[in-house]
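Note that the chains are named A, B, C and D in the order they appear, and that numbering of residues resets to 1 at the start of each chain.
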């Protein structure tokens, strides 16, 4: 079975290759009578758009989303919502020399091993371009969540080895790196410029917070809230690690330190990150994901071609130095999709 | 939609509460003509059985697995395999005083918020007892994998803050803590004894390795191999963090450091942990999971009861000090289930 | 992917072979806090039990259902409900001579072609015995439906070529053949006795009615109410035809005859059988299924063995002459499962 | 859970409303390296296109299919295939007067009851227009089937009460009604003309045959081949009845008449319609579906509006007199989708 669908009640299927005609998503299961316009979706698209910042790819997609179905007179109808984003600025010629070479750190080799055929242009299906469809679908999910008062916010927790403190979540939208720590943000900008010069790239850590989440979301024993979120976030190409609440640090605590005591007014600590036994507690959900550095670098690397011959490769083209900040709206989108899904899942057991 | 099924082709549904009549699993989609006996399964069950070590719970379940269907004359028939494990040593009386109290760090509060009813006895469905069914189903998955030469091995990477080096994987089965570093193992045993004395508990980190895995397993873009493994492992109650290959550390590397160069003889490094773009590369799969300390501790904690009244709680009964080593076979089982599933999934696109 | 699960929100997985240790079902997604006891289920089991009537098989299973999980203090908890029915009266020796022979009209040949292995004893997984698990799960579904006022009733519409009029649905439980027409029932009993004498068997038509069904159930465009019911009923081994409302007869009507006019008080006719565009209208759902005659007959038939050698076969053992009445509770169970599922599915789009 | 996806391995999601921007389908799970062009799909589209015959709707859609993804240099890549069909000739103004009225025999009433909102223009999602997406996806399925030698052919078995004999399947493509009996076809044409005059419509029976199907397809116990086909066909708006092989007639036969004897050279009869115990036998699959007359008629009918006021309605616009022949390619498409799906499903259990 192929794997291009996520969610059960709020179900998102994405399709499309980086240099094909378009990318898109179909959202099935969105409840009816929710106000939804292309502008609602465009707002989210614009946050992940390339070309906004110097650290980002020079590819200049307008990323215009067209709603093809499921909305009537400004409201969802309960039928599938088809979202279309044409690829208008794809420069495939630049990829011709990569047709037969496997780029290190990319899916070129593994895709070829799996399918015996691959659309080499710009990474094909494995391209970050596919995440445009996720962000579009996530914008719909956000509307479903917002009805019930949930808010999702992701931000930069670390970039190129530079950690950020959470000075204020209000800072997040004030800088290009979605960083809650202005001082750290300034250092990150410097580091990005420096690394760009060297033809290399950097990774980072994104933190995601969900506020206003009611208790009772998550489906034991396999579709736990943290399990589903971990899958959704790990399905983003760049993510190699996920943790909730105290995360890996919890492994070094004793039970008396890690357990969150409970009082009449709620939990006295939130080391669990808002989830106990896979079900939300009503506390803030706290997630961190580790993102690897972007694989496409100008620096020369060793690799092979499809015939197994050794090759040296230096990847030109329009590539970001860091997956942050563009990955931030994608992390939010995936989180929104899972939360919208579980909001709807919970309804089936309510009285 | 409830969430007690995992896998698509190799599909496992578990059921059962800690102090109900039994726990069990149904495995649907196991190919026919695979030799399978109760002994094959029992061998895995015995590895997770309580009561083997001083650090483990004193509850003494024989964990006898009965195969009720799907096997005929020692071979699988392609029909569902129903596995039954009776609960024979459940002492529910001890839980009577916990009927109305929410234990910190447990699912008591979140389950009650979700369902409005809960089987309080021994954690009910949220109990570690449920993992017995996972291990039984995992034993079937292991047979499916073994046919194609895959091996899964999990071991202790850290316990109570004491890290282990990977001296030799052969060491893993030689000590009670499944630790590849005999020196570290000795220190861990001491630490467990010390912590037990204090009425507290510890967490740890488990590393899982998959060897002999062919390239081409994993289904973009959502059911990537790492995404599905992350979900499966995160669905274990105690796990709060998952990472692949370099994991969180990759966030601090530059592209030129993190990319695995490719040669005629395979990858020259494996920082990707055997998975690129969600598809296996043929290299060893390397996963680490962070396990929180066991929530049930003798030390007094603050909490509330169902009416919201403050309560002090000290949890007696038979509880482990550390989730390690008993979690190790569970991590292996979940990994086996996902790999068996993806081995079968890949077949649908083969010529 | 194997196919032993039906339903999405109310999800039933059955397992078990006719002459294995047991048959059973796991019900996942049943809402919590519904009163449920083994007696509730047993009542339905007793309706399909063999050995009640002279026309039925002499195999005498007590069909005792054990609830292994998901119920606590007489109420469902929202966790999976595991139902176990031991096989206590299976006489496998009688099947030894059928080990290598394909019985005409049975699944022997097709199962062997598919799996390359089969449990020949009593039909294995393809046996009518598997329907015991369906009836048990259906009893849980009936409780879910009953909460919202839905009632399902199936009855004999035709048997051995003898049609029944719907004199009164109250008659249905008054005779052994679940027949709403006492006169026809008497003729059917005679016919069954006559056919039994000849060593042959008969088929029949079952009608199913659902009353109290609210409008709005069914999920376009593929999981329409009639589509899902058709699948569920066609999945019963004996069923070869399904129709709704006017059914095949609608093919001979003109639009003006077949359309149900609508008035302030509802529909003025119900030729649609309570379903329009796959969604219930609030009118009574009317379904008819055509059941083939039982394949196991004493009369000699031509067949082959696994080596392709011609064989004559006369099937002794304990077999019914007609699948009616035992199929009736099975038709009800499958209908209940689909309706319970769609009741829960609808909730996900409600405000 | 919404229901716009069918299939498990070969998975088709359709979207789109009759008078929205477009309709379309996403096909996930199509194996890689299958030659596929827009022309392959267009050929099937043209068979169902309106406006070809006098009995058909005057709406003149070109039904141009665009492949947006999943195909590279003329071959499938194993990634999702997105198919787009723009609505270019939708005349929504004509529907303005139907905005608040429920047309008898249509989904207007049931959709409104379910969703509380509906796109009234041309039937919205419930329109026959949605089947264009099914036919497009079915064309892909047909390519998957054809690789393994399977052929699907549907034809008119009865129209307006006029039965057709199966004189020769070669006749099917020689007349506009896909009728294997030229004489009957002539009478049907006359009947269609006559009924058109009266402002009424007719129904009919379609027969579907699958040739070249290997034994072993179909997944007991719920996803049996006949169960899945019944669902797929019943999900077509116009279909109210489905039967396999002898179908309802089997209910009137005795076991000795209905069982297909087996010989060294295969089955001596095929009353089972190519399926035993839900698994194909290798014989021809034979299915018949009963189609109701088209609900949109010029003749005046009684109905109500959304406020419950009685209304008289006479439906003008461009409507077919009979769902045949346009439903024929749709029946084929649904059959192809299910067969392609089961061809891939079977692979997961093969050695």
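One rule holds for everything that comes next: contacts are C-beta pairs under 8 Å (C-beta built on N, C-alpha and C of every residue); 3 or more make two chains touch, one makes a residue touch a chain.
Keep in mind the model is a prediction, meaning the values are calculated, not measured.
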Separation of subunit A from subunit D in touching-chain steps, minimised, is 1
Chain pair with more C-beta contacts, A-B versus B-D: A-B
As a quick test, compute the distance in whole Å between the mean CA positions of subunit B and subunit D. 46
When the centre of a chain is set as the mean of its C-alpha atoms, what distance in Å lies between subunit B and subunit C? 39
Centre-to-centre distance between subunit B and subunit A (centres being mean Cα positions), rounded to whole Å: 26
Which residue numbers or ranges of subunit A touch two or more of the other chains? 1-2, 4-5, 8-9, 14, 29, 32-33, 78-79, 114-115, 125, 220, 345, 348-349
Contacting residues of subunit A [partner subunit C, same complex]: 1, 8-9, 29, 31-33, 78-79, 220, 344-345, 347-351
Spell out the part of subunit D that touches subunit C in their complex, as residue ranges. 1-6, 8-9, 14, 102, 104-107, 109-111, 113-115, 125-126, 130, 158, 160-161, 195, 200-205, 215-224, 226-228, 230-232, 234-235, 237, 240-264, 268, 272-273, 275-282, 290-297, 299, 301-304, 308-310, 345-346, 348-349
Any idea which subunit B residues touch subunit C in the complex? 1-2, 4-5, 8-9, 11, 13-17, 20-24, 26, 28-29, 32-33, 66-70, 72, 75, 77-82, 84, 114-119, 124-125
